[in-house]
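Structures for review follow.
In the two complexes that follow, chain A is the common piece, with chain B as its partner first and chain C second.
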Partner chain A sequence: MAIVEHNLPRSAGRPWSGVLLTVAGRLAQMALTLLTASFLIFVALQLAPGNPVDIMLGAKAGDPEAVRRLNAQYHFDQPLLVQYGHWLTGLLHGDLGTSFVFRESVSSLIAARVPTSALLVAYGGVLVLVLGFAVGLVASRAGRTVDTGISVLLSVALATPTYVIAIVLITVFSLYLDWFPVFGSGDGLLGRLHHLTLPAVTLALSSSAAMARVTRAAVKDEEGRDHVTTAVARGLDRRTVLGRHVVRNALLPITTIAGIIGAGLIAGTVIVENAFGLDGVGSLLVQAITRKDYAVVQSTSVLIIAAFLLVNAFVDVLYGIIDPRTRTGGTR
Partner chain B sequence: MSALVPARPRLLRRSGGGTTTAIRCFGAFAVLLVLLAVCAPLIAPQDPNVGDVLSVLQPPSSQHWLGTDASGRDLFSRLVFGSRTALLGPLVVVLVATSVGTTLGVLAAWNRGWVDSLIGRLFDLVFSFPSMLLALLFVTVMSPGLFSAALAVSIAFVPAVGRLVRATALREVNEPYVQALRTQGFGPVAVCLRHVLPNVWPVIVAQVTMSFGYAMVELAGISFLGLGVQDPTADWGKMINTGQGSIVRGFPQESLYAGIALVLAVVCFISLGDLLSERRDGGPR
Partner chain C sequence: MTPLLQVDDLHLTFGGRDRQEQRLLHGVSFTVAAGEAVGIVGESGSGKTLTLRAITALHPPNARIDGDIRFDGLSVPAMSPRELTRLRRDHVGMVFQDPHAAINPVHRIGDYLTETYRKDGRKQRRDATTRALELLHQVRIKDPARILGCFPHELSGGMLQRVMIAAALMRGPRLLLADEPTTALDVTTQAEVVALIADLRRDRGTSLVFITHDIELVGALCDRILVMYRGRIVEQLTPAQLHGGEISHPYTAALLACRPDVTRRRDRLPAIAAGAFEEGWAVQ
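After this line comes the complex of A and B, so read on.
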């Protein structure tokens, strides 16, 4: 901790050293988890049925000369740990190997798919934040009937799996109303957003319900606190009390659930992209699994886990920024 | 969708007498589902796996109560038979996840020290995978099918059960009665099985019922992706997937009916688990 403080130019930066420490600690922990996970996936995929060399050779499978050549080319003839080492050094150089099925380098294959997935998650995330927060706030301020109505709707939204939401939305908005296209990713930013609207809503719906529920509970909880009563007694107008005293404190439990929701959105892309035929990372993963393209499976899974862990770490850090009390070190 | 999410569907407000009635209602629905699955051949009017190419995508009629799918198979019969895989999969998940999770949880609580931290690390590692991804990877290694999918989901569910059991067992292990039994010379296995486990049991039952509902969602999702139950076996998740092709042709029935059946079953089990844990003073936390 002392080292971090010395490196900081201003003493005014001291409260942030805790945040920096958290960031460093989380990143180190993340790297370790990622390393373990990627190794486990690597070992598991070695046990998977189907020999990649046979798949690559197709009709020529069994030709000893060709098998030997490919084995040497892809390092299949070397021990497991050495093979994993090759993958890891390749990863650091941005080279993830070659897809046997798509006949293309895995990194360019993934790079082409990332924008769709990233846009989908971002779009969904914004929807969750806006929709979930708004509905939760409305429910917390509304009368009993509206509150109960919203609460039942939220329960239904929470219990409905994404693939069921997908088919309902496709049926209503694409088949009957014809507002949105059924499949594909679209061209240009506007076209993309138009194509991604139904998938993003699908992805966001049950998470929004979770968000709304936590927001409602947090706001109600905070409203009953003494400091809010004091603020009201001091004659502050309702909007100030709500904004500065209630919502600001309610942000903490909301941030906690935001991490789980963000991670859930990333995991949810696998189903949503398949349901809507989007060319994202999640659909690439499922295609690679069905076609036994293990080089692609390996890298795509590690990418998804990395994104998953990154969101969780980000929320931890955000926590420290919103509430100085939770910063480790530097606070005393 | 992961078991981590604290927000759980709560369809009914908590109120003393109402809870018992609600538990009875959802319980009755669950029993009805089980009966449907067991008696499927008696209830279904036609063979769910044999289609007729001449009656493809038919609207509801006296012969086909809910119409037919793109292969001319009777949708009502497929829906009825679909309840079998819908219940069998989660049953396997719950059995495997609960037995492994409970064993590890009690082991961690009893031994503490390095055993506890090792098991804790193991749970953390599993939690670092999104549960759907973990399941997909496992299915890749095992080759697609209902049982590999169920085993895969079990692994993802073990940490949730394990942590809950560990926390509850930890409280029990520190109780004076455990100390008293140990002093009397009872072995650790006997104390755990005969005294600690029965006290942890109510917590497990509530968790199991809820996990059953969540497992149903995950398994149907894997089948939806084409990596779970394989054709021609009827399965709700699979039906949602195959029915998608018919939606654009103006026949959303197959996907919608299967979706409704799935949601009803899921809501039933999750609410039941929720109410059970609520009745047992204030939930698992």
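After this line comes the complex of A and C, so read on.
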């Protein structure tokens, strides 16, 4: 019993139930957002021009019997809300319907594509963190000439469209230098990473530039703060001042944009997967949209939105960890 | 005997080369003996903070310093970065005006207090925590053990200013530099913090340079008063001279008149015009 008491937090009970409440509230909020978004997507798809049944039937598009049969099979003949209800109950049972283009269940279709996209986003994210942060830090410490040079490069990286980056990288590193393959996914984790390197760089380049800018600005800003002067006045060495006071505090504004950068990476997969012919969720979405494969578009979009929400929730948790002022408390 | 601190003909200049030079300190000279408390008074913008920061070479990087500053006989401007770090860490403690701005909000009070011991051995670090508890107790903070685990934003300004005083004393400095340490606090807390500084430095025999724009406060706390005006020290006084009215510079008189008096309320504070006291008043 004594041990249990010792392990209790100082003001036992309250903070933990508080945390749980926050988490529960947060989850409920996310679920509500997803529900709303999925409904809006559903409605938007119905309003979109073009009839999926005609596309499915191809040459037999005029046949009323075939149209009736397909409409019944896909519930297209029922009211909108009922159709949405079908999709929602299916979702809760892990059944997202059938893709009429791929003649496969949507869930297995998506499941097969998630690893590539997840790996691509993770790879890109690591690149942004390492590259963007390092370049920003160097720029913040560098003299005028280097700082200006970096700033020009960052502007170029930010202004170049993703497709152009992809073409340049493929030309230089695949066709000319032959360091990386252009197409395919590769085998094993290393093989996959090798194949994903150029796409990940393409995906991460402009985000890294944004990250570098924010890092540079945050570090410069933090350097001028009173508490940094105090740290110097206390006789801390330069590295401690930089690490424990300047960079540590610069992480706050950096984390603030991490959510936006994460969302940008996820959205960017749609273009990058297409440019590099990767079988990911993003390219699946594009294929499904062009062929009016409603079931696939619906579930893929919702999955991507869920990923956005997840990244945001993660960033919020991270922010709470690195900024004690956002945590509750108060012993005035 | 050489004084602990000797500031000798200190000039501080911004700009130069292509830009217009701007001189903000004009030959500031004063000494602080071991165990002595010296107060510097002057209106805001008179150069008090620049003077104080120059003592440990904390002046802005774009400012140039001429003249000499000697701590315990050693020239501060001639010190290497390592020697400067050691001077700041081991010999000179500083207390700033706004504790919430001057203390990094992301670290716990305990980490802040013991931070200068991070590179030391295990035993020293443990001793540092013990010392931090002791000092928190001495700056009259209740429940020091709990405070060690708090973050700065969880403490009031007065509490946090005591913490900063404790932090400045962690390594037993010989000189304490306080830059308007009570200006950001409410009146009751101000009095407590001043009394605390007075007690602590008397007990330890620490020298003190105390900056304020409140001339009576300095009179109560310090052995000697320097009156600063537009980058110059225009008068040196003892508290006895101050209270006896033996004031020779009209700016000092104006400062005394300026003091908002709680008992005798004025409708207006007399304004001091820039340059009003410059004519005919040489330093000393």
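By our rule, the second predicted complex is superposed on the first by the 278 of 332 C-alpha atoms of A that agree within 3 Å, B and C clash if a C-alpha of one lies under 4 Å from a C-alpha of the other, contacts with A are read in each partner's own complex, and residues count from 1 in each chain.
The rule is simple: a residue touches a chain if its C-beta (ideal position, glycine included) is under 8 Å from a C-beta of that chain, and two chains touch if they have at least 3 such contacts.
The structure presented is a predicted model; accordingly, all values stated were derived computationally and were not measured.
With chain A as the common reference, the superposed partners chain B and chain C fit together side by side.
Touched residues of chain A, counted separately for chain B and chain C, are more numerous for B. Within the superposed three-chain model, A:226 lies in touch with chain C and out of touch with chain B [touch as defined at top].
In the superposed model, A:262 lies in contact with neither chain B nor chain C. By the touch criterion defined above, A:181 lies against neither chain B nor chain C after alignment on the C-alpha atoms of chain A. The three-chain arrangement built by superposing both structures on chain A places chain B and chain C 90° apart around the Cα centre of chain A, to the nearest 10.
Look at A:248: by the touch rule set out above, it reaches chain C but stays clear of chain B.
Once the two complexes are overlaid on the shared chain, A:132 sits clear of chain B and of chain C alike. When both complexes are overlaid on chain A, the residue A:297 reaches chain B alone and has no touch with chain C. By the touch criterion defined above, A:240 lies against chain C but remains apart from chain B after alignment on the C-alpha atoms of chain A. Of the two partner chains placed by the overlay, only chain B lies in contact with A:309; chain C stays clear of it. By the document's definition of touching, of the two partners only chain B reaches A:275; chain C does not. Minimum Cα-Cα distance between chain B and chain C in the superposed model: 16 Å.
Chain C meets chain A in the complex at residues 56, 58, 81, 85-90, 94, 96, 98, 101-108, 115-116, 118-119, 146, 149-151, 153-156, 167. Contacts from chain A toward chain C in the complex involve residues 10, 225-227, 229-238, 240, 244-245, 248-249, 252, 322-325, 329-332. Of all residues in chain B, only 1-2, 4-11, 13, 124-125, 128-133, 136-141, 143, 213, 217, 220-221, 224-227, 237, 240-241, 243-244, 247-248, 250, 252, 255-256, 259, 262-263, 266-267, 270 touch chain A in the complex they form. Contact residues on chain A toward chain B in their complex (touch as defined above): 33, 36-37, 40-41, 44-45, 47-49, 148, 151-152, 155-156, 158-164, 167-168, 170-171, 174-175, 182, 206, 209-210, 213-214, 257, 260, 263-264, 266-268, 270-271, 274-275, 285-286, 289-290, 292, 294, 297, 301, 304-305, 308-309.
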